[in-house]
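Structures are listed in the sections that come next.
In what comes next, subunit A is part of two complexes: it sits with subunit B in the first one and with subunit C in the second one.
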Partner chain A sequence: MPNWIASFPDTIKINIATPIDNFVEYINVNWRPFFDGIKTGLLGLLNGVYAVVEFIPWWLLIAIVFALTWLLMKKPLRAVLYAVLMLLIGILGLWSYMQLTLSIVIAAVLMAIIIGFPIGVLVSTSNHANALVRPILDTMQTMPSFVYLIPAVMLLGIGNVPAIIATTIYAIPPVIRMTNHGIRHVDKEVVEAAQSFGSTRWQTLVKVQIPQAMPTIMAGLNQTIMMALSMVVTCSLIGARGLGHEVVIGINRLEIGRGFTAGLCVVILAVIIDRLTQGIYKTEAGDDHGKG
Partner chain B sequence: MKKTIGLVALLLAFLMVLSACAGGGNRQGSDSVKGDKIVFADIGWDSIKFHNAVAMLIAEEAFGYETEEVMGSTPITYTALLSGEIDVFMEMWGDNLEYYPDDLAAGKLKELGLNFGDNAQGLYVPRYVIEGDAERGIEPIAPDLKTVEDLKDYAHVFADPEEPSRGRIYGAISGWAIDTVMRKKYVAYGLDEMYNYVDPGSDAALAAAFASAYQRGEPIVGYYWEPTWLLGKYDLVLLEDRPYDPELFNEGLTACPSIDVTICVSNNFYDKNPEFVAFLEKYESSSAITSAALSYVQDTGEGFDEAAKWFLRENDALLDEWLTAEQAQAVRDALNG
Partner chain C sequence: MARDKDIVLEVKNLYKLYGVNRNAAMELLKKGAGRSEVLKQTGVTAAVNNVSFEVERGKIFVLIGLSGSGKSTVVRCINMLQNPTAGSILFEGQDVRKLKKKELLDFRRHKVSMVFQNYGLMSHRDVLGNVAYGLEVRGVPREEREARAHEIIDMVGLSGWEKKNPSELSGGMRQRVGIARALANDPDVLLMDEPFSALDPLVRRDMQFELLTIQRKMNKTILFITHDIDEAFKLGDRIGIMRDGQLIQVGTAEEMTSNPADEYVRDFIDSADRSRVFCAKNVMETPSSLIRVSDGATKALSAMRRSGVSSSYVIDEKMVLVGILTLEDAMKAKAENTPIAQYIIQDIERVAPDALLADIMPQAARTRFPLAVVDSEGHLEGIISKAAVLSSLT
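Let's look at the complex of A and B:
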């Protein structure tokens, strides 16, 4: 009985693992200045963000959350609830960890916007670019994150910097996708109207298409922030500090309570950021309706 | 059109029947087993995979068990061992787990004696940092670095990329008991004045940090342990420390003792499988044996199954030590067949 019908034939075998190993080793050794540059840049970004976050005293941050919730959602009770939840993070003794986690998330989200938004705009204007970028995005979203966590350590070392890179890779697809989607689905008649009044392509894009697409783009941003927050916890496995680090210590020591406490703070942070960013883009969508 | 589809479907069906038959022929004759299955913990590091492979080979060939490896991190597989979902832990680094002595004393699991004991752990640096490497064109950067205490003079060599004015020591993985000791050592020797103690987060990340530095020929100092594939593949030097003393050790003031790595089984398994337990009680290897096996895997690119066979062929006498004459013969037949 021919074996190759039952099981995949042994003769057709390609080893791509070794070439990939060699490639990573090659760029690790030869592209050092490049990665050192990235490292320095990202470290500067993170330190800057962290300095700002750390500068805000705890009561002010709680007050900001309270005021924003009230203003954006017009729900005073919810504003009180969120303020109490923020207070709870401090009471659980995890305020400084939360600050660091928040800083890494902000840094990664900034990177995602800086890189992702222009790509999204570009992709929306060209079908060729779209066809090229889509499979890449699919790969980024489905590739198990541990697969690129370890090369991130090889190339950028252990700590917060590779965490920003890994988080950016993981969280960038929604920005690109939703920017692309938003701009492509702007009403054709609106675009034609702009063009018939003599707008250049650039003017149409900046003054009509992007503003019209803003609610969709903001929805993408919201997803990106949520994904970044979940990834930051995973990145503690490569030495990122903050709340995720507490979770990892809790797991390693079988201290279930410690893990849960930190996990709870991640949840609080996620819920508040999610509702607030949703609040922002829903208000904007509402305003657009008002104007339209 | 419909005819074509029907034909294709028929052909496919035929092929599937064919492959089902072929598959049946392929399956190994495993009908003779008692139907019991032993579940081994695979915690991901190479040495435990090797010991699992040896024990699994013997469980299958000499005792007629089915075997399975379940992969997970230490705390997860450990919890599964307590609950009886995992039967056998071939490498219990008991001294490294804070919760282990209490659980053992409370009778939550059974320890079956030593697997190997002559291992080492502590702060390692690549040999080229001290001696240089003429072949790779690396100058000795820290020629007088011998002991942990000497690190004080070399903080600038091991600069922390996230804070270049200070040095960086890659610490043990947080949650391992040795991490507490290493942190105390870091303070006790005054290294906290000029070094940051960086938690690598996971053993995979720590290995990646060492591998990356080694490939680039850069200096690195950090916690590691042997036997591991990393120490087999790269030439690292263990920094010397004061001789081991049980009281001072926990203050971080002495070298680490070699840890007794033991074999553990769940209570349930212990009660139900006295014969296999007796074999595991006799099972003993050494760090040298383990390292040799890991090098074999690294050099030949073979799997751990092959390494286990190679090991048992090379150390035929062990079979007589561990097993009855009949069982030993069954394993020998399998090895040579």
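Let's look at the complex of A and C:
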């Protein structure tokens, strides 16, 4: 029996790893200033966000969570529960780690909105753009999250800044998708009404389509935030600090308790952020159910 | 032919085809092929097939037809929400299809406004914000546009609801907002695509009435679409019936009823509740004999005998109706040799010329004489026999 029937023949082999490496190498050398610029910008963003987050005293943040829960969900017990959970993060000694994780998430989500929202709007207005972007988004969403770590590390090294990049890229699809979806599915008659009164395309978009699509866009934003939070934890593999880093240390040193504690705090943060952002877009959607 | 009518809107040989092979379809249509044949041969839907009509200023023109007959497509071509395949749409002589982008925006902002079947309201704006929308995109400053919006909201009877979200309103109220929004722009022409179809019958009647009131007050030209013949007859100064993309007949309700172009039109008209379409003056007849108060009994008797009736209306010198004189009473008067005046029955049923048959039916049932149709000054215009009321309904 010839060898090539049993196992794949050695002679048919294309190596794509090397060209990719070369490409990255090339970019690294020739685009250095560009990436340095990005790095500085993102670092500035992160520091800004972190300054704000750090400025908020622990009791105020807990009070904010309490008040928001009460206001948005009208459930006093839930508000108490979330406040206690937040308090627990502090009691477990991970408050400052939580602050950093939160800051990276906020920075990445801001980036995802700044980049993703305009793309979503553009894609909603053009079928060509949609045909181009959709498969990319599909691919991105099936790609394992670790994969995003590689280019980030390659181009920006390790630390919090590449973590923001990887997180932004990983978490951007829902913003684009839901913005696109929301705008495309605005009641046709409402859009036509806007046009029939002589709205320009821009006026139609800004005064009617985007506001009408807001509940959907917010749902997308909620997904993006949740994905960002999970990615920030993954990013501790490339040196991002915060709660995820604690988990990694816990794994590396087999300190199960330490890892578990940090993991618990991630879950608390995730649940609270999820419910609060959902609360925001659900009340918004609830106010104008049954499109007039 | 001299034009004494003031035509605001003229649609000329309008075509709108959906599909790829439109040129071939056009050829076929011009050769007289129907919609289904064209669809079979070319795969093209002829939504609008050679439609022409004129709309006079200050009048309501109603387009009516079954679902899919192309009514919406016609109105949507008028403000270019849809681009016609061929033909022209002249607004005050200017072809809307030739407008540049900027001019089209101006046309939509100032000349035509549209009212939608499902209201087309913006749920992220309150009533005021919806009504002011047209002025907002036009660039009218906030204070001014809101003042104007308040005015219009008042007019459609929604004051106090300015700050509500449309979703808090009933269907009828929502469509009032839709109408107010369209009127706020003070357009020359109002396009209304089945504006009342989503409303329940009672609300619908109110809205029709209100639309007529508004229309008279503001003297707007309206192109109104409906698939309800009663609504068409009630609102339309002129009515166009559409079938399979073609306009089959245009005319007033009376013209259409007395002279339907074909079976389709006849069927449509037959489905109408005629008692709500026809009014007294449509079915009244001239009395075969008339007596003057000053006439003597002998003259009255001979007049009645001549026309073979058992009673006759009595009028004074100015044609004002006095009452009715029966044959028996006339004979009594003759026997007693007295003037007929004291025998005249004055307590008789009178109806106005524009009273709807539905409304005069109870009177017709009550009286033993024909109904007298009198104008506001009491002049006798005609009479309606009980039989005439009934036969006009079938």
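The rule is simple: the second predicted complex is superposed on the first by the 276 of 292 C-alpha atoms of A that agree within 3 Å, B and C clash if a C-alpha of one lies under 4 Å from a C-alpha of the other, contacts with A are read in each partner's own complex, and residues count from 1 in each chain.
Methods note: a residue touches a chain if its C-beta (ideal position, glycine included) is under 8 Å from a C-beta of that chain, and two chains touch if they have at least 3 such contacts.
Every value quoted in this text rests on a predicted model; they were computed, and no experiment measured them.
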item	value
Combined model on subunit A: subunit C and subunit B, fit or clash	fit
First, second, both or neither for A:161, with subunit B first and subunit C second	first
Touched partner set for A:149, first subunit B, second subunit C, both or neither	first
Which of subunit B and subunit C A:208 touches, first, second, both or neither	second
Per-residue contact with subunit A, leading partner among subunit C and subunit B	B
Cα-centre angle that subunit B and subunit C span when viewed from subunit A, reported as a multiple of 10 degrees	150
Touching partner for A:189 - first (subunit B), second (subunit C), both, neither	second
First (subunit B), second (subunit C), both or neither touched by A:169	neither
First, second, both or neither for A:198, with subunit B first and subunit C second	second
After fitting on chain A: smallest Cα gap, subunit B-subunit C, Å	26
In the complex with subunit A, residue positions of subunit C that touch it	79, 81, 104-110, 112-114, 116-124, 130, 133-134, 136-138, 165-167, 169, 174, 177, 181, 185, 191
List of subunit A residues in touch with subunit B within their complex	1-3, 5-7, 25, 28-29, 32, 36, 39, 43, 146, 149-151, 153-155, 157-161, 236-241, 245, 248-249, 251-254
Of subunit A, residues touching subunit C in the complex	187, 189-190, 192-200, 203, 207-208, 211-212, 214, 287-292
Of subunit B, residues touching subunit A in the complex	15, 18-23, 25-26, 73-75, 78-79, 98-99, 161-162, 170, 173-176, 198-202, 204-206, 208-209, 211-212, 215-216
